[in-house]
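Step one of this worksheet: look at the structure below.
Which chain is which? They are A, B, C and D, in the order written, and residues in each are numbered from 1.
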């Protein structure tokens, strides 16, 4: 059952060298408070999985700028020069993955699948080293699941069973990442009693959520 | 023992396996009895794979909602804090290892921990429904069934003769006569129901049983 | 853009021999009115894709009982003796598919994937004739996409752009099937103006919906 | 011609391709100009791949919502009848062929209809973001870009030299000087912008062009 903890406690659960999926896109829908605590703690050598590395001083970019990250799986680093510089200096390993593929790989892990076949990336550098599988005369790339030790996600509201709803485009990768980590921590603006979120409106059922953190 | 009594004995014993906070899927038929015997102080969440987490008990007569059923087609209610989702997400929850415990009925279970529960060739082919995914994906699987079939033949065999539901192992077999754990060495008889002896269980079980040194009675 | 038509017009779009995905489970969340019109029209030789064949006199079972169906992909026929009898008499071809697999196959078609790898069915008759693929030392079955000419789905409410919301467990397979057919027709209890369904609450975006039918 | 004017010329011409009821994805940068020139009587739905269908124009100053952005990170509004969804469903919409038209910028396009738009080795590697999925999955793809780069070199080549975005073909290339259709025979010059001649376009284009017998001017 879901437990309510502080942002500092949440950050303390994560050890150096562990992998983290960060919900959010361009610092919208990010678990800001927990990210700040991670910066404070200085947890290092993190493996980051995120749609984009945001900005140097916002979102997950804060942890990149602070040199706490050793590898990143992402689809876009164009808004964050720190990522690009550290990549060019070989301080950080960056796997660039088409955004739709990255999300399907994360979903696969959460849904107990061994991967998916996608046409995206065929005939490009993305296909290098990957298995090509033909299905009914069409070729596809086999893309494997991506899971993580932690998912740090951000929602608008949670009830005490961990059911979550999101705000506008701050939903983004959060519902998918919530399914795919050993431990999922949701930073939320508000925690309400069970039953206060109508059952129809729940986007992420509490079964996926381990900890709730109230945003500062 | 009457069928109804057997159900209660089995349901009560399986319910002892529930842990506070567990997410649980109860199969159709016999396993639903488990919900009537949840230990005090334990709160669990029942999933029905058609698309609800937080299924509650059957509604009182006249209070049925035609759009609120479980995977067996029976009317249910929803607890406060329930959620609805599509069946694809429901099976993502199941196959993805997010369900702590699944309780299923079976036609046969065997000493390797395999089970068969979805067809009798040439006779009855209801289909596997969600059973294959449930056995494949759940963290723990309990088979809850009568020890013998209507003709008195053991349903616990050396090897299932009917088409399998999954190659994955069940963890525990609970009948109205015994609790049997599936171990890497084979079937371990751990508990015997009151009114039966270890010898009774051995004699009505086709599969080879390892007998625990500390048999308890339930 | 979505068009509003009658149930009779909807049924008339479907020709004998075509394939139809039917949302719904045990006659809950079924496009009842359109199914009745299909019965009326007597469209025959239909290929049916459905989670379960419901009851002899309810849900999609009506079309099976009326012998309008030549093949079925489903996970469960145990509640409908007509399906079982016609199968045993070789009047109808039935593919039994694990429910989770069937839904992933449908999702794959809707999401432009070439299929998924699932552990479900390994070591059972379900695996017969299928490709087994090893990913990081674990075996999976390759399950291919399933699409259809039509998806007949049922929702609680639509707005005029085709955005849909569902009622309780009547949601079931509807949102997935809505994505995977050439033409998607939604039977709904109510049609409201655009904007009357809050953007956060939409379960099926109108982009997946071609026609709306008001339930009788 | 000023950059701003080029954008307007390109945006206006691409907008002529919009059909009533189309679901459209406009890439980052130049393609967003298209939204300012939607023909009268045409209603289209703009998707932004982070998770909205029904994106509206930028908000007035002070009315920005920090949780409502497009794929370029810019503040947007939502039209009446918009919907929000997660990014995975957003790409299911894209890859699944549910988007009628995608308009993307490019670094290069070639006579085979291939395009390159996500990296310049050793110089700039922003990443592909959603571009590979958009080109792979959309029913129709238009490249909207300036005809030449800042040094005056043609961006329309016999073969792209930069890493490709997809092996799928784009359908149409629209620049401030020309409208070029990708056909199975090669690049077909169909329209020339006012102020330019067919010869102007040929001379500033590296790729071989087939000249339509009915060139029109836009």
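In this section, contacts are C-beta pairs under 8 Å (C-beta built on N, C-alpha and C of every residue); 3 or more make two chains touch, one makes a residue touch a chain.
Quick caveat: nothing in here was measured; it's all calculated off a predicted structure.
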| item | value |
| --- | --- |
| Intersection of the contact lists for chain A and chain C | B, D |
| Chain located farthest away, centre of chain C as origin (C-alpha) | D |
| A-D or A-B - the one linked by more C-beta pairs in contact | A-D |
| Separation of chain B from chain D, taking each centre as the mean of its C-alpha atoms, in whole Å | 56 |
| Geometric centre distance via CA averages, chain D-chain C, whole Å | 35 |
| CA centroid of chain A to CA centroid of chain D, Å | 29 |
| Chain B residues counted as touching two or more neighbouring chains | 52, 78, 84-85, 91-92, 94-95, 136-137 |
| Residue numbers of chain A (touch at least two other chains) | 104, 107, 111-113, 118-119, 166-168, 199-200 |
| Interchain contacts (touch definition) - all pairs | A-B, A-C, A-D, B-C, C-D |
| Touch list for chain A against partner chain C, complex | 104, 108, 111-119, 133, 135-136, 138, 140, 142, 144-145, 165-168, 199-201 |
| Residue ranges of chain C in contact with chain D within the complex | 1, 107, 109-113, 159-161, 163, 179, 193-195, 197, 199-200, 202, 205-208 |
| Chain D - residues contacting chain A, complex | 48-52, 65-70, 73, 78, 84-88, 91-92, 94-95, 125-133, 136-137, 163-167 |
| Interface residues, chain D side, partner chain C - complex | 20-21, 23, 43, 45, 47, 52-54, 78-85, 91-99, 136-137 |
| Complex contacts: residues of chain A adjacent to chain D | 25-26, 28-29, 51-52, 74-79, 84, 87, 96, 98-101, 103-104, 106-107, 118-126, 166-176, 203 |
